[in-house]
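The two complexes that follow have chain A in common; it is paired with chain B in the first and with chain C in the second.
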Partner chain A sequence: MTTETAPRSGEPRPAPKGTHRSTDDPNVLLQDDYDFYEPIPPYTPRTEREAEFYTLGDGEMFLNMGPQHPSTHGVLRVVLKLDGERVVDIDPVLGYLHRGVEKLVENADYHQTISQVDPLEYISSLFCEWAPVTAYERLLDVEVPRRAEYIRVLSGELNRIASHALFLGWFALDLGGLTPILWSFIERDEIVEMLAALTGQRMLFNYFRIGGVNGDLNHEFMSRLGDWMSRAVGQIEAGMGLLNENEIFVRRAAGLGVIDTEMALRYCMTGPNLRATGVPFDLRRTHPYSIYPELEFDIPTRTEGDCLARYLLRMEEIKQSIRIIDQCLDKMPDGPIMAKLPRLIRPRPGRAWSGVEGPRGVYGAYAISDGTDQPFRLKIHDPSFIHLQAVGALLPGCLLADCMAVMASLDPIMGGVDK
Partner chain B sequence: MTETKKPWAPTPAEVAAKAATSSALIVPGSTAVTEPIVLRNDLWNPADPNAYSGGQPAAITHLAEFDASGAGRHDDARWSGLLEIIPTKADYVLDLLRANSLWPLLSGLACCAIEMMSFATSKNDIDRWGAFPFRASPRQADVLIVAGTLTTKMAGPLLRLWEQMPEPKWCVAMGDCTCSGGRYKRSYATVEGIDRIMPVDVYVPGCPPRPEGLIFGMMKLQQLIKDRRGHWPERAIGPTVPAGV
Partner chain C sequence: MTVVARTWDRLTLPGKALFILIPLLGVLTLGLVITIALFGQQILDILIFNLPIVRFVFSVTILMLIFVPMAFVIIYMEMKIIALMNLRIGPDRVGPWGTLLSTVHGLKVLMKEDFTPGKADAVVFTWAPVVVFSTAVLSALVLPFAPGLYGQDMNIGLLYFFAVGGMTVVGLLMGGWSSFNKYSLIGGLRSAAQIVSYEIPLTLSVVGLVILAGTMSLNEIVIQQSRTGWFTDWFMFRQPLGFLIFAIAATAEANRTPFDLTEADSEIVAGFATEYSGMRFGFFFFAEYINVFIISAITVVLFMGGWNAPFPSPHISWIVDPGSLGLWLVILIAIVPVVGTLALAAPFYLFRSKTRWWVALILGFVLFNVIAGGIFSLWAYINFDWVAGLFWFVGKAFALVFLFVWMRGTLPRVRIDQLMGFAWKWLLPAALLNLFVTAAAVLVIDAMKAAPK
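Up next is the complex of A and B:
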């Protein structure tokens, strides 16, 4: 065919039907009825707040950060209004990772919903499962075997350590330190590998079941866990030593993004971000669930409420989690890991709330049953979304370079924010 | 001044007699070496034909055909012109360079991004085959690893990233969500597979795939670059599934 030899002639071969060649690059074929370079129409503000924000003052400029930005920990878009290097105002744009989980859950079996809520906060998936599963158990009024509860706590605390280890790496990365993330991913990879031996998956475990857990402890998990526990504290402290004694890191993080107690309570913050302001609120103690009343651990608090305090508090929590794991292994009872339940679950009509203390705060699930085998509604309360609201109050007045540090210290996960 | 007869010089008759009996290529005393050596210009054509050959058409055939075909004049980033006579090893070497220094774009969308980071850090060190420097700017990146669920709201910005990347570029779909929709296939907010909006070279299924899976995918991509070289400009962008399905 003549068209096959056409590229040799120097002219690009005629574009296939329905396409045309890009004017920028003749090697790129574009669809005729599709234009990538449509000019963006001028944005007309819809509210007074938008009109105020999108009006530039003297010497001010806009800077668009995201949705593809390495420091936003996902696909968050923040429009910054800058005066020099000082942030004047911000306009966050959410929804780039909205996957419609709550709607999917309404059309799924009770068992299937566990896999749907799994990827919400994808670095602490077990807690995303834990809250709905306990809510369903309250709807069904079923008692979970003690061994299953111990396994839940054991795997959950491991997941908490993995999440906090990632926080260490990311927080340092956003402050300009490249090394700690290499160290924290060693820990994280070891933990998720042992959880993979237990659950079969590295990240989205899909492990908790209504009335128990999916599988019992096995040899590979126990040997990996014992191997890791023998050097866990030393490894974590080695990673922390990179940062705690780094004067640049400490002086940048101290006094940055201060949240006081009143503000934290007004924003309904939970978890480490609240405890770093001095409030010892931990759902494991205040509203005990599972087997936490039987375990000994401290609730570390700090009073500064700045980025450094939030970082140090999470590192303290890692040590408490290791303590909890130690006790779980010591007290692990024998017995079944699943309650006796029918395959097809039809809870009686009603509603149930359940909250668990995750690495970022309270994960909650509010389940409404209408008597069928599918939940009528599952409202997911996610701490990331709550905490991300605080950037609107924290960022104005910050330097541009400190924005990432403040956002990272709140540790939001965009999967949980956008659901 | 008349030429004096040198007593040691042979006479023409002696030269002829010696040439008849000698096996040397150049006979001493002959005038063959003093004539200029003229080689035909087979190698190039002057830009102005009147400049060197005095308006005479060059007596070449195969190069004239080559020149008339225009292949030597088309200009792009690849080897062109007479260098194409140099065996295709040049392209092969370029592809080796491309395949062994893949710079991915630092763009994570969701869960798979964590495994992509694990793929880049200590344990699964992709620096071992030169794929490490994750570039935050699409203008410096070769590979777009789409890691995570692509929602309809994010589809536009992702496409913009892809358009901003310079050719040659490749796309790796990481995870079930980007391959086919995965566990969010039935959602109202997601794109059921990124091949509806952009070309994909390697699909890495899994939810999420292990870092080893992504390593295998990147090795497949390297093989693909070496095997399918030159085919990348001709890929069409657009839905692979007809509208309405």
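Up next is the complex of A and C:
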């Protein structure tokens, strides 16, 4: 379809050969032999797997879900091969949100990289900053002041609650519940306003710095936090009581998208998705970093490994996060919030890996320094990408209605998947 | 340029309109008068001879005129109530408390481009919303709104209602099939499967009621629920299981949450309506909300006493003969509105110094109208059966509409296999059980009555 400028007066010119003018808009030329039944994919299959997938069996059809489907989380496109309502096979198509962050980072100096990795998992930006910042600190061998570490843990746990609250609402929305998402957005909004008072941003905080954090706790943050803490647990439990005691919700989520321990380990899953299968693996306890060894909290696990377990586990984690915030506020020491570092940093050549336990699993950053002021390479290990691989095993056999719910229960963020 | 053309150019737009309209109206009136004078008797004869058809056309027209504003009201209700349940504010921009928003939506869909996808079956695509909308309106033809206020009183009213109401699925299938979109196709097929499955328990659940009532005329059924005048007469209490099955199946019939699989936006975008836009989408949209009202209304008619008040009303008769009032009639008509308006305006003007006199007058006028309207409504309620009946009928129906909206705000959606399993494994056996128990009880009671003492 091409557009051309119509002549100012008189009849439009006759259409070129092989085309005709649209009846809606004579300026639009349409090709005569345009075939609406365009094959998917529009090219000949390139691999055996593609050839197998794009051959339809008896009574099967393709359904393009995404990238503009109302409930794909971000811009994931999944080509479903359906037999009636049942999914036979899927072909996920990624890359609609690819920005080349890892390459951009190589051309930015160490401080600038923080704002580059920020929008990767835009729901929980603080963890995207935390992993590279810690990796750089290991390269530089610098010690972070204790107050800065406490502030990091405090704001990180707040961000974890915001992320989980959003997940709970989304998951309900994918199962057809209208209200929970708006109720959980109230929760998230309070936290986001709080973090905005602390960091100056509502979404992409850009708050952690190499050797500390950007700003100290201020009055507005503390007053908002105190206000929220007094009713947080009750508010979340009241909101989610709408779902947890709902027969329809429980019947749909239970036994759906079951991941067993062996499969979860084989897929390298981490975070709540792994803990829902019964493995108490949490980086905050297994490879302690920051001040987590000083804090008291439990690692909730469940053994079912289905969507309901993943959902309930995140609710438990919210409660544990509130416990951690309580202790942080209780033990918050005085002191500086930044280590003394030069403005332009040049770490000695070497490599460092650092991982933090984010709301979705282990965020890892592997930094290689060549002695200049820019990282030679920064590899981001993103849990969303790892978890999204499981849909290939989980979706076939599901009903169409459950596709989105299974996908949502893994909680992938496409910004992190496509990088 | 002639004088006529110059004069025409000088006229303003309203002037031009009046210039055309007044002669046109004159000609039309003259034509009507002449026609009546010449063929009046014959026309009257034809109308009287074809009275059922005239009644049908008239009542369908009235229903169509009533149902579009009613859909507006229900859409506004849903937007506002769900907003309040979601702890949002909801519509509050257009009109007082946003009440005109759904009207504006209606105007918007009228003005939008009416798009047909390429390769769509244009004829079927166009007729699908018409089928859905007209079946919704036609099925309301037998609803008794109040004593004497109904489209048709058929002796097979209930059968007619289910038959015409079931036609909706044809429209949805047409829309889903002709859209040239797989989401639409899945939506249409889902609706076919769902509505056909739920039609069976829906119909079976009222057979017990029909046995008890002994008739299928909806008017008769309503009258049978007013023996003592108390709400205990309602079939809801004599057929509790039937009522429960009917309520669940009716929710599925109206495609409402938790059974709104046909337009599940998180699964199949908008189901059969995915490719629709403009007024064709508007017809689907209105039909959906009209269906909500009709399903509520039929539930009220069958199980909740129809137009009957839940308690016997005291027999007050307060008919005033205007002729007997004499001079008071003049005072009532000429003086009371003026004095009332002034009296109600005075406090605004006197006690709030910022209020201008004309604002106070407007406020007083509005207040007076509200009070006078209230008194008039009370008078009408006491004196006219149909006003009282309409009040209770619409009140009960809207209470059920509120229930539907409440469910939409609260419940998630069921899965298609759960939906089907529920219909065939639970609702159908329960409906059959209800039917057998009712039939057996009626037989036993009749036998006991007939037995010689």
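Here is the rule we go by: the second predicted complex is superposed on the first by the 378 of 419 C-alpha atoms of A that agree within 3 Å, B and C clash if a C-alpha of one lies under 4 Å from a C-alpha of the other, contacts with A are read in each partner's own complex, and residues count from 1 in each chain.
By definition in this document, contacts are C-beta pairs under 8 Å (C-beta built on N, C-alpha and C of every residue); 3 or more make two chains touch, one makes a residue touch a chain.
None of these values were measured; they are calculated from a predicted model.
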{"item": "Partner chain(s) touched by A:182 [first = chain B, second = chain C, both, neither]", "value": "both"}
{"item": "Contacts of A:131 with chain B and chain C, given as first, second, both or neither", "value": "neither"}
{"item": "Of chain C and chain B, partner touching more chain A residues", "value": "B"}
{"item": "First, second, both or neither for A:204, with chain B first and chain C second", "value": "first"}
{"item": "First (chain B), second (chain C), both or neither touched by A:172", "value": "second"}
{"item": "Touched partner set for A:252, first chain B, second chain C, both or neither", "value": "second"}
{"item": "First (chain B), second (chain C), both or neither touched by A:123", "value": "first"}
{"item": "Chain B versus chain C as contact partner of A:70, first or second or both or neither", "value": "both"}
{"item": "Contacts of A:400 with chain B and chain C, given as first, second, both or neither", "value": "second"}
{"item": "Residues of chain A contacting chain B in one complex and chain C in the other", "value": "36, 69-70, 182-183, 186"}
{"item": "Parts of chain C lying in touch with chain A, wherever the complex brings them together", "value": "82, 85-88, 118-119, 180, 182-183, 186, 257-258, 260-261, 264-269, 408-418"}
{"item": "Partner chain C, residues of chain A touching it in the complex", "value": "36, 61-63, 69-71, 85, 172-179, 182-183, 186, 242-243, 246, 248-249, 251-252, 399-404"}
{"item": "Chain B residues within the chain A interface of the complex", "value": "69-71, 73-74, 76, 106-111, 113-115, 117-118, 121-123, 136, 148-149, 151, 153-154, 157-161, 163, 167, 183-184, 186-190, 207-208, 210, 233-238"}
{"item": "Parts of chain A lying in touch with chain B, wherever the complex brings them together", "value": "7-11, 16, 19, 25, 27-31, 34, 36, 67-70, 74-75, 95-101, 103-104, 107, 115-116, 119, 122-123, 166, 181-183, 185-186, 188-189, 202-204, 414-415"}
